[in-house]
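Heads up: the structure comes next, in structure tokens.
In order of appearance the chains are A, B, C, D, E and F, and numbering begins at 1 in each one.
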Amino acid sequence: MALTPLRLVTIVAEPVLESRLVRDLKALGASGWTLTESRGEGSRGMRASDVPGEGIRLEVVASPETADRIVAHVAEHYFPNYAVIAWVCEVQVVRGEKYV
Amino acid sequence: MVIQVTILPQADIISAMSTADLLQANLLSPYVLAFGLGVLAKLLRSDLALPKDVYTGLSIYLLFALGLKGGVELSEAPFGEIFLPAVATLALGVVTPVVAYAVLRRLGRLRPVDAAAIAAHYGSVSAVTFIAAQTFVRAVGETPEPYLATLLALLESPGIAVGLGLGLLATRRADHPVGGVMREVFTGRTMLLLVGGLIVGALTGKSGYEPIQPFYEGMFRGALTLFLLEMGLLAAERLSDLKRTGPFLVAFGVMIPVVHGALGAWAGTLAGLSPGGAAVLGAMAASASYIAAPPAVRMTLPEANPTYYLTASLAITFPFNLVAGIPLYYWFARLFAE
Amino acid sequence: MVIQVTILPQADIISAMSTADLLQANLLSPYVLAFGLGVLAKLLRSDLALPKDVYTGLSIYLLFALGLKGGVELSEAPFGEIFLPAVATLALGVVTPVVAYAVLRRLGRLRPVDAAAIAAHYGSVSAVTFIAAQTFVRAVGETPEPYLATLLALLESPGIAVGLGLGLLATRRADHPVGGVMREVFTGRTMLLLVGGLIVGALTGKSGYEPIQPFYEGMFRGALTLFLLEMGLLAAERLSDLKRTGPFLVAFGVMIPVVHGALGAWAGTLAGLSPGGAAVLGAMAASASYIAAPPAVRMTLPEANPTYYLTASLAITFPFNLVAGIPLYYWFARLFAE
Amino acid sequence: MVIQVTILPQADIISAMSTADLLQANLLSPYVLAFGLGVLAKLLRSDLALPKDVYTGLSIYLLFALGLKGGVELSEAPFGEIFLPAVATLALGVVTPVVAYAVLRRLGRLRPVDAAAIAAHYGSVSAVTFIAAQTFVRAVGETPEPYLATLLALLESPGIAVGLGLGLLATRRADHPVGGVMREVFTGRTMLLLVGGLIVGALTGKSGYEPIQPFYEGMFRGALTLFLLEMGLLAAERLSDLKRTGPFLVAFGVMIPVVHGALGAWAGTLAGLSPGGAAVLGAMAASASYIAAPPAVRMTLPEANPTYYLTASLAITFPFNLVAGIPLYYWFARLFAE
Amino acid sequence: MALTPLRLVTIVAEPVLESRLVRDLKALGASGWTLTESRGEGSRGMRASDVPGEGIRLEVVASPETADRIVAHVAEHYFPNYAVIAWVCEVQVVRGEKYV
Amino acid sequence: MALTPLRLVTIVAEPVLESRLVRDLKALGASGWTLTESRGEGSRGMRASDVPGEGIRLEVVASPETADRIVAHVAEHYFPNYAVIAWVCEVQVVRGEKYV
């Protein structure tokens, strides 16, 4: 089974950012995204929702370059003012050509 | 409070007494009690919580039911009647956020962006407060105007727009496009269900409404009780933030509704509303949005601290209006009517 | 459309007028208006959506309520009466998917597997269309037969089986086991709630049903309105796919229901149904499944493009039937009854 | 069974006959049938399932409705009346877990910790069994005491505390703090909604309850049917575990409710309850908790095997009580009343 | 703390595949699985559900060999016709003997 | 974009453990956590809930030392008697200083 080494970017953010983040991800070259609903606590604890602690958890499989772009974009545009955390992980992707 | 004493001293004693009665009747209503139970449950650190999907489903139901019923009533009302009250409502939507902003800046010395963010909330309206007010005035024997739900729809957006505008001016980003965010407010759940319900109700009329009335009207108050239970849980969850927000915001969250409520009841009376209708308009003006405003403000003014505006509107003003404000605005409305 | 003009020219004028009236009455019903509001909300890119769990809960409620009521009525109906209508229903379950397949292959030149996949949907039935049809004929004063819900249960599976069979023949996998998938259709949510409700209703009878009637019958139409709001959102979500599916599928999604609807109303009339009952059977035959069929087709014919069958059944045929089809099938049924 | 024959031989024949009638009436009630449909659906490996959030929402609704109605009735009942029944209920809360523990250790030779874990469940109470019992005795023409919901609240915790205590003694961790876990039981969803509902109902009274009655009372039985459908699914899901738990636990799950049910009906009669009320108290004593007890036991006695206590209470005792136990306890209560 | 190096296979797929995938995973030697509900977008965009964009996200901790088998099986049986994405990640598992 | 190498600990557990696990995580030095609801099957299959198969999936981004502490704590306190699985993965975290 030929696997392609790619990057998995995971972003946990406030729900209010969903549509904006998805738009950004596509613009930055992501071929897709997967979202699960989450809740949690962090250091900032500020979040604008009537239901406290809710969040969205976005996963994007992408090439190292796209992953870098996404991470840099999130760090610049969302970290200063929003409750966001993001991490990157090396993964081996099935039929990975599709997602580059 | 200042207002009531200075403006109409002579009707003082009788009304004061009946206000106490009204207050007591209100306190023992299942709505206020359910809210109190929610607060208590959270203080006891209970795991009780309405599942998120049920909470959303309930709020969709309440808003759509509100719109539907309003629409059916609208279809039977002479349309001209609504003109003056509509103008009064729009005026309140512009004046109240400016008053709130000025108080927050001058007296509270908040950062401009925080003041603007809070002003956007107090310029808009809480649908549940509206419902509670309507239920209250009906319970005391009034028949508020059938088109009040239409006014509710009118009051939601202007205050948010004014608040965001003040914030963008303050952060010197007057060029920032507010259009996108305001479009999201206009097409947001609250507006769509309310305005959509009004249109559906008006088009289908009494005969179309009849078969669905048991669902949308018969269940309405019971469902509201359950919703207020959850609101109590959510409000109490924010109580611990009061320490962080400080005493000024608590005072603000209690005083500004009284000012806005008197303003609303007065404007309503001027526009020809009955005491019941003017009281509801007062409650609308006094209320602060906690569903439509927060995401709009969060997107446009991310530098503002959400703890401030959410705690003030959800943990202070909402309970204050529910428990004491609504009877008070009704008392104002009756004074103004004389 | 061809059919109505050529078969019964003499009753033309009167019925045409009353069809227009029926159409208007239908358009202003809260059900169609709620569906329209859903479509509008999606076109305005609103974030309005019923939470998934609430949507599932509502559909469970509607199906079970449908079965229960049908079962209670069944327990009071002479059982022999149902024989001919049942045969007619099963015949429709076999004929309609074959007709649809032939049209899709010959006129539409679709790949065999896509034609078969779509045929499976149009051979089965949409429970919400059934409910809307029943509500409609009751609103115009008919009393459709009490055992129609039983026919609904009979019509769900055969068409899916025929469609899957055609698809497997076409992809030369006639040896592929359809049994597993058909078992899943038979034990699927839709069948279980419907048939289960019928049995529970028949066993518990009028007296057992009475205390639960306010929930299952009193709330039914209101809940249906909310469900149709969400259906409007879902249908509109697929509208953008119409570009990809092309004009043929749009024409198919409007024309085939008319053919199947006429066939159903005619078969129902032959089998002795009243005009109201025949109209509902017509609406059933005209409708396309979008809950039970899609997963069965997806599992068995994965090469078929889901966009085709979902868009056709959900975004074209469902709205067409809701808005125009149902009054039309009722008009057919009245013509056939003469 | 032993009990009924030896204690009151003379009333045997008449009551036996009417027990058969009661049993049949019970079997054909929509509640039992819906439960049966759920079991059937799971055995057919259907994908039918109430979404988790809807299930939670329904259980919140049922408990709060129960409390509210109980509270309203309480507000009209002379308070002294409740004293003896309350004492009887608390006594049952202490005696039944000890009886269960002894039987499990002596006859079943279970590990002490498993015996204690199961005892905690049988010492507590199932609210749905309570509701089913109340619905049953009302259906047969009894008017059970208005304060039974209060007894339900009293019976929930003591049995859990006794069971946990026995378990900690057995595992030689008598020093382990049970306080934290018992606090979670007291502030858990079940207790809060029940006790909270009682208080809200008592404070708001008949007049406050009236506008919300259609929601909390009109919908109650229909919603219960839907809830029992899901309970059938959940119970059947555990049926496959019966192999692992062995025949003793099956026998225990059927016999101990009969013993506890007789005890409860007898204690209720002694305390002055009507036959209807004593039957409901019997059903409470006979029932086993499956919502409040499991997490408390899991936290405090993690060495106990959850399969044992969940299977026994949910898959054996709950269905037994629903189908046969409740009519039996009513029969006991009538015997004791003579 | 002794950790065992194993593989974590993540599969995002159409909900209609749930029971089939779970059956396959067990047959291929997985000792367990964890599922979260997701939504998302990808390149194919075809999916058979009345609710668009819904998905399931399955995670399986397994030995390298089992992980390979799972990945090969998914690639062969589901990639051609279904909306599926799968990736593999190296993880250190607590008491990992259990899951081999 | 400067990323900080940290550890991502994922714990799948019975829902009954939620509040206890969150308390423990904070006490062990985690700066935050993210929870998604899950369902699943494992080898033990024992779980105390009226709804079978339900679980919670907790993620914690932490320094290697904190991650070790968390993993050791979970292994000692929860593995013997509860249905729990936990794994650790190397990740690159955006503005990772925050989570150390």
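The rule is simple: contacts are C-beta pairs under 8 Å (C-beta built on N, C-alpha and C of every residue); 3 or more make two chains touch, one makes a residue touch a chain.
This one's a predicted model, so the numbers in the text were calculated from it and none came from an experiment.
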- prompt: What's the fewest number of moves from chain B to chain F, given that each move must go to a chain touching the current one?
  reply: 2
Query: If you average the Cα atoms per chain, which one ends up farthest from chain D?
result: A
Message: Given that chain E and chain F are copies of one sequence and touch, is their interface built from the same residue numbers on both sides (over half shared) or different ones?
response: different
Field: From chain C, the most remote chain by mean C-alpha position
entry: F
Field: Inter-chain centre distance, chain A versus chain F - centres from mean C-alpha coordinates, in Å
entry: 20
Message: I'd like to verify one number: the distance from the centre of chain D to the centre of chain F, where each centre is the average of its C-alpha atoms, in whole angstrom.
response: 36
Field: Centroid spacing, where centroids are CA-atom means, of chain B and chain C in whole angstrom
entry: 43
Whole-Å gap separating chain A and chain C, where each centre is the average of the chain's CA atoms: 41
Query: What are the residue numbers in chain B that touch two or more other chains?
result: 51-54, 214, 218-219
Task: Could you tell me which residues belong to chain F and also touch two or more other chains?
output: 36, 89-90
Task: Quick one: label the inter-chain contact graph as line, ring, star, complete or other.
output: other
Message: Once the touch criterion is applied, which pairs of chains come out as touching?
response: A-B, A-E, A-F, B-C, B-D, C-D, C-E, D-F, E-F
Task: Spell out the part of chain F that touches chain A in their complex, as residue ranges.
output: 1, 3, 6, 8, 22, 31-36, 61, 89-95, 98-99
Message: Which stretch or stretches of chain B touch chain C in the complex?
response: 51-54, 56-57, 60-61, 64, 68, 184, 187-189, 192-193, 196, 199-200, 203-205, 208-209, 211-216, 218-219
- prompt: Which residues, counting only chain A, touch chain F once they are in their complex?
  reply: 12, 36-43, 55, 57, 68, 71-72, 74-75, 79, 85-90
Task: Write out the stretch or stretches of chain C touching chain E in their complex.
output: 52, 55, 234, 237-238, 290-291, 294-295, 297-299, 302-303, 305-307, 309-310, 314
Task: Report the residues of chain F in contact with chain D in the complex, numbered from low to high.
output: 14, 16, 20, 45-52, 54, 80-82
